[in-house]
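Each in structure tokens, the structures are laid out below.
Note that chain A is present in both complexes that follow, paired respectively with chain B and with chain C.
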Partner chain A sequence: MQIWGIILSPLLALVVGIFFLGLSRKIMARIHWRYGPPITQPVIDIIKLFSQKSISHGTIFDLGLILSLAGSFVVILFLPLGQMCPLSSGGLLAILYLMLLAPLGIALSSGEAANPNSSIGISRKFLLALGYEVPLLFILLAVMTHYNTISLVEIVRIQSTTGWSFGSLPLLLSGIAYFLILPAILGIRPFEIAGAGQEISSGANAEFGGKFLAFSTIQHALHEFIGISLFVNLFLGGWSLFGILEPITNTVWGVILGIIVFLIKMLIVFILGLFINAVFPRFRIEQAIKYLWKWPTLFAFIGLIVVVLVK
Partner chain B sequence: MDRNQLKKWFESPAKMGHKYSLHVVYFCTGCGIIEIPPSITARWDAERFGVIPVATPRQANLFLITGYVSVKTLKAVIRTYEQMPEPKFTVGFGSCPINGGMYWDSYNTIKHLDKYIPIDGWIAGCMPRPEAIFIAVTHLWTLIDKEMADGYKKYKENYRYYRANQEQLYGKLDWPPLFSEEDKK
Partner chain C sequence: MSLELLIIVAFGGAFLTYFLGKISSKLRNSFAVLNALALVVIIACLYGQTMEKSFYFGFFSLPLILRNNVLSWFFAIAISVLGALSVIFSLSYMRNRERTDFYYLMMLLVNAAMLGIVFSGDLISFFIFWEIMSWSTCILISYNRGPALAAGMKYIIMSIIGSMAMLVGMLSLYTTYGTLNIATLSTLVASSSHGYLLFLLIIFGITFGIKNAVMPLHTWLPDAYAEAPSPFTAVLSGMLTRMGIYGFLLIMYVIVGAGATLHLGHGFFTFNNILAWLGAITIVIPTFIAMLQNDAKKLLAWHGIGQGGYMILGIAFGTSLGMAGGIFHTLNHAIYISLLFMSVAAIQYRTGGVRDLNSLGGLIKKMPIAFIGGLLGICGLIGIPLTNGFVSKWLIYKTLILNGAPFLAFAALIGTWGTILSVYKFLHNIFLGQLPEKYKNIQKSPFSMRLPIIVLSFAILLFGILPGIPLKVINAIDVSLGFKSLNVTLWGIASDSGTLNTINIFAVVLVFGVIIWLLFKAGRKAPKVDQYDNYAAGAAIPKGKYHYTVDYYNPFYRMATPYLKDFVDVFYMKIAKWTQNLCNTVRRIYTGYVGNYVMYIVLFMAFLILIQLKWSVF
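Presenting the complex of A and B:
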């Protein structure tokens, strides 16, 4: 069973992440009143990129991208996908540490290329990470204190019996704070500063061409999957659906239906994020840090205090 | 459109990928660039053809040179073209890159762009409308399908000719040749 999970969950994350990329381009086009590309456009792009002749800038250039891809895949193994969670030891603490591997790999890789635009992109990426990690830590601390566990599987299981934590009063503020920093985690507008095409020639991606860009696109898809599925697991109850799936827990149909419910919740959160992406312009870096350290941090901190007081 | 023909996809996925995913680097030389914003945004929507602007030549496979090319810009055009990963396609936009256009007697613009880099197709007109870009894209699909868009191969085969033309204009170029003699064999 665990072996199947280890094989299936990264594959599912890959397919869903790339599907989300295609969907985002189509929905953005429809919001602009355009016809838009076919939903399979990212797949066509990736096929093309793999068939191109690409230029490497050195060993670290190759290895850094592989590190970031591997980091993303490992984080996915730690995230419960419905009722399926291949690796559960370590819980949220392991996820917090492993989430740093992906940007680190990209930074190593683009640093080797020595393009000034990629250096600016990397520095912006880490500054943005500094911005959203502070509220994220407060949020995770609040959730861990409230449920008295660091295990994400346990948190999802408790939510399936007591209701979603977004609906429970003590964790409401933390949930709002996570939703406020979600665009920064996903790197969409108004926090598109790290990969801004018009300002810094797509930032860290500036020297990637051919198969390197394909790997970078895949990593981006996985990163979006991780950000949204962490939100769904922490606050929207993972696979639980108002107790409807409760009687068939731990059967095959329960697992499959659990994954479907989980993906539908992810889709809803993702489309909400796309609406934010469609209407906002891009922040400057200091505006982004100012925003992230003001409202989400405030909400997350008050949420933490509320959780501690209620307990 | 044969986007949905599965047989072609299984026969040569790479060729179909090159056809339907054209990442363009627009070279904003002259007035032609004014036709690009309407063509990539809501009015004409180039993205439904799979055409999307990218920021750096490393990510691109279609090079659109919009407008006259002065002697100084040609240097940047050549360097951009050489940085793009193969297979790469070039399209000259407007009459100026074709034969000089209204700058036919200018001392400071080049008259025939295809003496310096290979061009796969031209869009004639002064200015061509944005629809002309889409007609060019569909023509380029046909060319890629028949393997006639082989400018990058010609550049490799006749590199000495192109390099000689470039050096005739600038004297000595400050970057090494892209292909050595061994590469061509």
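Presenting the complex of A and C:
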């Protein structure tokens, strides 16, 4: 079971992440009254990029990108995917810290690219991260305190018996706060600051070409997958569906259906995010931080106080 | 191996080094290194031995005692290894400087005094060694003259305040119990009244709080770290400042004892809760102030304060997990912060003393070992998994969350994110980006600098992947202080409320890294290009100007600069100014003219006579 999980969950995340990229282009196009590219367009792009010429700026330029992609895959192993969770040691705290590997790798890689556009992109990326980490940490602490565990698997398991966190009163505010910062975590508009194509030549991606850009695209896809799947696991009960799947837990069909339910939940959250992405213009970085430190932080802070008081 | 021998080797070696320096500098250098290494060997041989021995009687009829136990040994081995590496690092850093004999004397003296502190078995010898350490530190901080003199002055004034507080505490202990032997005290003190225990903890807390730079007693630290010679800053930041943590452990859990310390006060206002909140403040504010620094050493210095907060937070909580986290973080911090200071020192050595983050860049191509040191150092500082900082921080967070202190946990966690921003700026501005033209022909650092950097980098990874090695010893400390034993394995820690296993994280990172690297190799080969072969939207690249370092987090600076000032320091400096003005006024009385003094005497006599005539009191 664990071996299958280690092999299957990264592959599944890869496929779903890239599918989401294609889907997002299609849905965005339809909202803009265009026809849009086929859903398989990102796959075609990645294959094409692999065969194209590229340049390298040094060893860290290569290794940083490899580290960031490896880091993303490792995080996926720690996230429960339905009932399947290959690794769980260290719990949510380990996930929180493993999620640093990917941005660090990208930052090292585009740092060595010696291009000011990349450096500005990284600077914005970290500032945005500081912006959403404040509410995010309140939210995660509220969840961990409420369930009195640091294990994400445990949090999902408790939700399958007592109902989703989003539906439970003490965690409602935290859930709303998470949804408010979700676009910032995913880096979509109005928070598309770090990769602003028109201002700073896609920021961190400025010097990436050929296979580097392909890797960076895959990393981006995985990043979206991680952001949404954390939300689904924490607040939408992971694989649980109003107790319908309860009788067949731990059977093969239970696992497969659990994954399907989980992915459908992710899809719904993602499409909601896309609607926001389609209609909003881009924030400036100060505006983004001011927004993130105002309403979401307030909700998350009160949410944490509520959780502490209820206990 | 006996403890007297250790102290004799430590102090005798220091003075002998000074005199050998008068004969030949080569002889002095090799003797200093040998002496520092000999200390490591002696201490390593003392592992696992518990002993206590009086070496001198008759100091006011109080015996001076040396003793060894697992807590002393743990700090001693860290001090001696770090001291040895720092002496090795000094070999080339201090070459061609003046007063080098004196530098080595002071360096080894500080080392010896710290060993004396951790091995002393009574408070008198503790105090003597503490003072030797403080004074020699002051002299070393001021070594470079100029602004360093002011930094040294600031340090010694705060240090003296701390020492006086400790002296008061010691006198009170002596008058109450008639002994200053730590082992005896630890059996006597616990049964005292709560008020007296609180007095003891606060008075010693001031001493150790100043040394460990707990807010609001931290103001000596940034200047001292920045101005001291860099190899000494490594020692100062690594172990010397952490004598404060040793002191806190000594007073809280050895002398007063865990049972008494953890139940002082009511509700929110218990001693350890207040200390934990001070620790949390010490994490958050300095970490954000660090983001504004443009001086590489000052940036690290502010992180030195911030990381001290994690240790305080860990040990203030007084659970076996928290204690393990706090003590382990002390060791980890010593490793990565001294590594970072050594990397900066290597850069300073090659660029002629430049530590301004706005004028460096691109040095990764010229000084790869210093870069590796810097990279692993910041990874440890942030607490990236697979580096040592992760394990200790994980232990601390887990303690905080499971003990129902989410707000303290928030302070600790947000500190990490503040850290990422400033240390990435540190790494980027020194090593990444465009290499300025003037540093084109820079050499890589000499071997005696590379060796300590490599050893410490290796230690970061080793303790990150196999944290069980130090945690076994730390667990023994936990048990000796009366806490529950932890279930420690070589690659992590198991408990009923969630386990940590670093080896499987390491394995999956390695496997995925290799798979992706193979995929990367399978793609079309990417030729390496020059730093000027770069995207600039079709425009020509301005040499030496295509670099983004100044005001790295500009939007944030605009928002936060007015709020992120060291208000405590401003306040202390104001007090210093007032005192100076007051003393200046008082000095007006002492004019130096005999006539004036005669007049004072006559006036005073007249005043007395007046009183006598009026009321006839005498």
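In this text, the second predicted complex is superposed on the first by the 311 of 311 C-alpha atoms of A that agree within 3 Å, B and C clash if a C-alpha of one lies under 4 Å from a C-alpha of the other, contacts with A are read in each partner's own complex, and residues count from 1 in each chain.
Everything below uses one rule, namely that a contact is a pair of C-beta atoms (placed from the backbone, for glycine too) under 8 Å apart; a residue touches a chain by one contact, two chains touch by 3 or more.
This one's a predicted model, so the numbers in the text were calculated from it and none came from an experiment.
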{"item": "Touching partner for A:K294 - first (chain B), second (chain C), both, neither", "value": "neither"}
{"item": "Touched partner set for A:A107, first chain B, second chain C, both or neither", "value": "second"}
{"item": "Of chain B and chain C, the chain that contacts the larger number of chain A residues", "value": "C"}
{"item": "Contacts of A:D45 with chain B and chain C, given as first, second, both or neither", "value": "first"}
{"item": "First, second, both or neither for A:Q198, with chain B first and chain C second", "value": "first"}
{"item": "Contacts of A:R30 with chain B and chain C, given as first, second, both or neither", "value": "neither"}
{"item": "Partner chain in contact with A:E207 - chain B first, chain C second, else both or neither", "value": "both"}
{"item": "Partner chain(s) touched by A:K53 [first = chain B, second = chain C, both, neither]", "value": "both"}
{"item": "Contact residues common to both interfaces of chain A (with chain B and with chain C)", "value": "51-55, 117, 201, 206-207, 210"}
{"item": "Touching residues (chain side chain C, partner chain A) in the complex", "value": "362, 364-365, 371, 375, 379, 382-385, 390, 393-394, 397-398, 401-402, 404, 406-407, 409-410, 413-414, 417-418, 420-421, 424, 427-428, 431-435, 492, 497-501, 504-505, 508-509, 512-513, 516-517, 520, 523-524, 526-529, 531, 533-535, 537, 546-549, 552-556, 558-559"}
{"item": "Contacting residues of chain A [partner chain B, same complex]", "value": "25, 29, 32-38, 41, 44-45, 47-49, 51-55, 117, 197-198, 201-202, 205-210, 213"}
{"item": "Residue ranges of chain A in contact with chain C within the complex", "value": "6, 10, 50-58, 60, 62, 65-67, 69-71, 73-74, 77, 87, 89-91, 93-94, 96-98, 100-101, 104, 107-108, 111-117, 119-120, 122-123, 126-127, 129-130, 133-134, 137-138, 141-142, 144-145, 148-151, 201, 206-207, 210-212, 214-215, 284-286, 289-290, 304, 307-308, 311"}
{"item": "Residue numbers on chain B that touch chain A, as the complex places them", "value": "3, 13-14, 16-18, 20-21, 23, 41-42, 45, 47-48, 50, 52-56, 58-59, 61, 84-87"}
